[in-house]
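In order of appearance the chains are A, B, C and D, and numbering begins at 1 in each one.
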Amino acid sequence: MNFASDNVTGVSPEIMAALSAANAGTAMPYGQDEYTQRLQPQFSDLFETEVTVFPVATGSAANALTLSVMAPPFGAIYCHARAHINTDECGAPEFYTGGAKLVTLPGSEGKIQTPDLADVLTRAGAGVVHYVQPAAVSLTQATEAGTVYTPDQIRALAEVAKRHSLYVHIDGARFANAVASLGCSPADLTWRAGVDVLCLGATKNGAMAAEAVVFFNQTLAQTFGYRRKRSGHLFSKMRFLSAQLLAYINNDLWLRNADHANRMAQKLAQGVVGLPGVKLCYPVEANEIFIELPDAVSSSLLADGFSFYPRKGANSTTIRLVAAFNTSEADVTAFIEAARRYTCEGFPSVESKA
Amino acid sequence: MNFASDNVTGVSPEIMAALSAANAGTAMPYGQDEYTQRLQPQFSDLFETEVTVFPVATGSAANALTLSVMAPPFGAIYCHARAHINTDECGAPEFYTGGAKLVTLPGSEGKIQTPDLADVLTRAGAGVVHYVQPAAVSLTQATEAGTVYTPDQIRALAEVAKRHSLYVHIDGARFANAVASLGCSPADLTWRAGVDVLCLGATKNGAMAAEAVVFFNQTLAQTFGYRRKRSGHLFSKMRFLSAQLLAYINNDLWLRNADHANRMAQKLAQGVVGLPGVKLCYPVEANEIFIELPDAVSSSLLADGFSFYPRKGANSTTIRLVAAFNTSEADVTAFIEAARRYTCEGFPSVESKA
Amino acid sequence: MNFASDNVTGVSPEIMAALSAANAGTAMPYGQDEYTQRLQPQFSDLFETEVTVFPVATGSAANALTLSVMAPPFGAIYCHARAHINTDECGAPEFYTGGAKLVTLPGSEGKIQTPDLADVLTRAGAGVVHYVQPAAVSLTQATEAGTVYTPDQIRALAEVAKRHSLYVHIDGARFANAVASLGCSPADLTWRAGVDVLCLGATKNGAMAAEAVVFFNQTLAQTFGYRRKRSGHLFSKMRFLSAQLLAYINNDLWLRNADHANRMAQKLAQGVVGLPGVKLCYPVEANEIFIELPDAVSSSLLADGFSFYPRKGANSTTIRLVAAFNTSEADVTAFIEAARRYTCEGFPSVESKA
Amino acid sequence: MNFASDNVTGVSPEIMAALSAANAGTAMPYGQDEYTQRLQPQFSDLFETEVTVFPVATGSAANALTLSVMAPPFGAIYCHARAHINTDECGAPEFYTGGAKLVTLPGSEGKIQTPDLADVLTRAGAGVVHYVQPAAVSLTQATEAGTVYTPDQIRALAEVAKRHSLYVHIDGARFANAVASLGCSPADLTWRAGVDVLCLGATKNGAMAAEAVVFFNQTLAQTFGYRRKRSGHLFSKMRFLSAQLLAYINNDLWLRNADHANRMAQKLAQGVVGLPGVKLCYPVEANEIFIELPDAVSSSLLADGFSFYPRKGANSTTIRLVAAFNTSEADVTAFIEAARRYTCEGFPSVESKA
């Protein structure tokens, strides 16, 4: 009953099967194989426009490599203060860009607000040598708070960005969950809204280790291949990355997986909202839910064998629960029942446990 | 009949099975799983000493990350002029080290010679701020010429290196082939001979995408984890890297695979040596053979559907043939027969082909 | 009547004379000259301990080079949000460190507060690979608000830093003004309070272009020479940098210059405090004063030929006035009188100006 | 009697006077001063075309910054094996470019040969992700062997470079000596021959510390300002750099200084050629001469107080003598006489010295 993250899961059966199938025979290395050749047309279909696709194995690599073609070493990249690229990648964007600066913005529910972006860009000192130069905006979709940007929200942010000649990047580690949640087309959430490059996550949503860097802005793609190679992210047996990605978008697997995860998160949220002392921190719009609850409830749940990351606050604990493509309804039900038990019926005394 | 490289192959059945087995259930991410936990003791057993092991997915990543803990940005790394790190990684070592310099050495049969290393180090200007500072020596085992360093040769080079306070790195993309060829213990070829870190390749020898960075020098391992993370090479679903590596060394799979490849290379060499106009370039000590042959023979073989990389010279063509863990004897026989046919019986005229 | 910065001034006569004197004869390059050789003993005397001194020409170079020996590429450097290294060096620390991250702290009057530092370090995730690793604290002395840290304040911050194994750096572009203001010894403000390296500014205080990087922590000095060279900051005719620095500390020139500047700033502050609509933003403890005044007053003063940097706020303008080693009392008096005239007597109408 | 380098000299009187003159009054910082404003038109006049000029203080900074706008991190920069950027800058080009690779070419008399450049570029693998990508050629003028490229030689090399879309850089630490030697116009030696950027040295030829980065290719200049700032090479009191450069080209001071140095080198060469056991290594075309002589002669000259850098060979010693703008004829004569004495009359026995 592991709700710690969607990366605690294994691989979707469809993707495992694709890996086995791709293992037949020999194939030329480094992307000169038939699987990799199929990525371009199939992703172009999916996104309803001509795209260039580069497979890589991790989300950090996808993000950092993409930012390295968007920002010069003296550039500024704007992102939410809680963005994964800012807090959880040990400085990967700084490494890949040669020292560009992440400039963070606040924003409730994990989202950058258009006026905040406009304001910081107006004061950024573009053209003045003393200051890092505005280069890119990075949006996380779904956000680190489990919310999603609507197409309109992305378009508004992208318009501000474009007005200041910035590129727009999407860290889409959970992009599938956002698409499934909004029910809109991938195109509407990306290039039609002004996005230049999408890092489309697959690993958290059923792949073994695969992410697709999808360029809508072809000019930005020009040096990506060299950068991928020199960072050690060009796989010799590339067919095994590409096969994962092909299976991922085949028959809407990515959306079916995401939809299941989203529904499990909804179910979790509905099950715990209203319990005494339990507070939902953000709207549940994807596959993550954040809840504040009494410290003792958190401890008891952990003691019961539920896995999740707790963060101790002043008077309570905030926990994150993540549902995945294969989270079972039974696990969700078990969690809800345990939460109900600990919040409603109180806690066993130390003695009774002994 | 693909002899282009050992990376045109797929995955060993044993490793594919290990990936399937590892897919059961959930596992904590980023190496906090049971597979990754088993690497340390099992590789320590294999190398007969306490080692620290970091799995990564590509050889370039393994090499560049390792060099980044061995050399400061102002450091010099000594390697053979034909070393993969110098010629085929698009500057990965320079990227990861923050700009260290590869200083190349000549050497017949792909091997650095001890006197050459001693000479260049004596003249390197250690301690003088104008010069990049000697930091590490990188040896490729098996070499880019398909030869292998003996334990004595490595020890002699390492002694020179140590005398000048340099670290010793082995790019072991084909280390298994060297061990299988020499019949010595992995320990004798590494730490007992003075090696600090081995990048042990698995991908070319039957893995899907997995390499083990094996630290004999524990001090050097201290910052590796941060560097791996910030370069995007820390896998969330790490168990799938570790499972490959465990299966790789289990029941000597790595040596059995390498031994087969080596034998196929020997067979190829024996089959073509002595054919008219055919010259073996280097001793065949691992799984690669380099032969010089008439241009027309090379062209005819390619036209017949044999895959390999030719390099056109002044009056002839040099081709590289690489045997892999699953190269069939039938393919080898077919190649030898075709080579014999084209060299001994002459070539069909253009007309007869039409 | 230029109060824009202390870098609008020229060179102290004593330093100009030293440059002329140093021009006699030949001298071996790159610091093998007698001037440079005298730095070590003379600065050791000044700081009452054995120090290692490296001359460089700019403050940004001094700071960035120093941070590069304090923080690994995956490191975190803590500084005030308004620190020059964070806002005005176009990412120099990120460049020199290979991508370390500046983590900013708030703090009234330009000073980091000890509890804030302690708090952020407790939550920094030392030892966890996902996070940049705490490496150094950088304090600006005098601060960007024209205030100064007392020895006790520095010691308290350094103690927190040491508890977490961080190095302590002082950006001392205006360190002379702080020493002159506090009347304490340079030793008390640095190594006795726990400082590892001081970047001692001279350029703003009468030099042509010279800063001394003063290492109290000798271990940190080991690679500085290579880093200075490879960044192009090792001067061939080094004697001209060293001669400036020797003249700077000779006969307390640095403190006399700073003391004059401080007094002029005090006089400015006393002259404008109490004027209608004028508000002093921070205590005036060094050679900078920040005042908030009506927009029209700021505009009128600029129109009168006074130079300073204004920052437009919602209902008023904040201006910074910087006094230098050669700011004349007459200029200060003229400024005060003009400010009094515009604030007390009102403003000429647009018509009367025409 | 110091022939060790042209950087052992002090400052030309004309430049010292210019520094004093520039010290009057205040001036806005960072290049917003009248001296810096005059650089653009005056250097455009000198080079007979519109140029963009950036002053920096050292040659290493000039070169490395320039290369950083010419080559991406995955780029290859072609230069002579003995080029200063390759051997004497502790990896500065690698640092500034973020890890680009210097690919060295041989060449007698310190010059790259056109066929060699053409050959290496043909085999460089442009467009292949495994290889660093050809980006720039760097020529040293005058060369490290004291020879000069003619306009025709530069044009031929630049044509090869342009055919492969490379930029052409000149490391002109001794460019003045080349112009004075060839008697051609600066334009003929640079942009008319296909040069994109010239790093025009002044420090070795009479300045205190000043070099002009002269952009003929304006597009390349676009990001230079940010890179200069973030590397700490933007001087606050910029007028003192610019004043040196203005005085340097005023009234042909740069050429007069260089011409004197060249003549002294010629005189030295003529004086020692033909002495027994003395061999001139290269044609003397600028202000450096390289001579091979018996070890004992070298030792005796050093013992007599002549300064120069000797390099011990198998059976003799090669010494470099550098003449400067203020090398006196008397010193030259003294050297020649001493050399004649030691080569012709033999050496005092050990006893007679006692």
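Quick note on the criterion: a residue touches a chain if its C-beta (ideal position, glycine included) is under 8 Å from a C-beta of that chain, and two chains touch if they have at least 3 such contacts.
Given the structure is predicted, the values throughout are model-derived calculations rather than measurements.
Enquirer: I need the common contact partners of chain B and chain D, sorted by label.
Expert: Of all the chains present, those in contact with both chain B and chain D are A, C.
Enquirer: Determine, using the mean of C-alpha atoms as each chain's centre, which chain is farthest from chain C.
Expert: Looking at centroid distances, B is the chain farthest away.
Enquirer: Report which of C-D and A-D is connected by more C-beta pairs in contact.
Expert: C-D
Enquirer: Starting from the mean Cα coordinates of chain A and chain D, work out the distance between those two points in Å.
Expert: 52
Enquirer: From the mean C-alpha coordinate of chain A to that of chain C, what's the distance rounded to whole Å?
Expert: That pair's centroid distance is 42 Å.
Enquirer: From the C-alpha centre of chain C to that of chain D, how far is it in Å?
Expert: A distance of 35 Å separates the two centres.
Enquirer: So which stretches of chain A touch two or more other chains?
Expert: 73-74, 89-91, 94-95, 98-99, 129-130, 133, 226, 229-230, 234
Enquirer: Using the touch rule from the top, collect the residues of chain C that touch chain B in their complex.
Expert: 30, 72-74, 98-99, 129-130, 133, 223, 225-230, 234
Enquirer: Report the residues of chain B in contact with chain D in the complex, numbered from low to high.
Expert: Residues 73-74, 87-91, 94-95, 97-102, 129-133 of chain B touch chain D in their complex.
Enquirer: Over in the complex, which chain B residues touch chain A? Could you list them?
Expert: That would be residues 2, 4-5, 7-11, 16, 19-20, 22-29, 56-65, 89-92, 94-95, 203-204, 208-209, 226, 229-237, 240-241, 307 of chain B.
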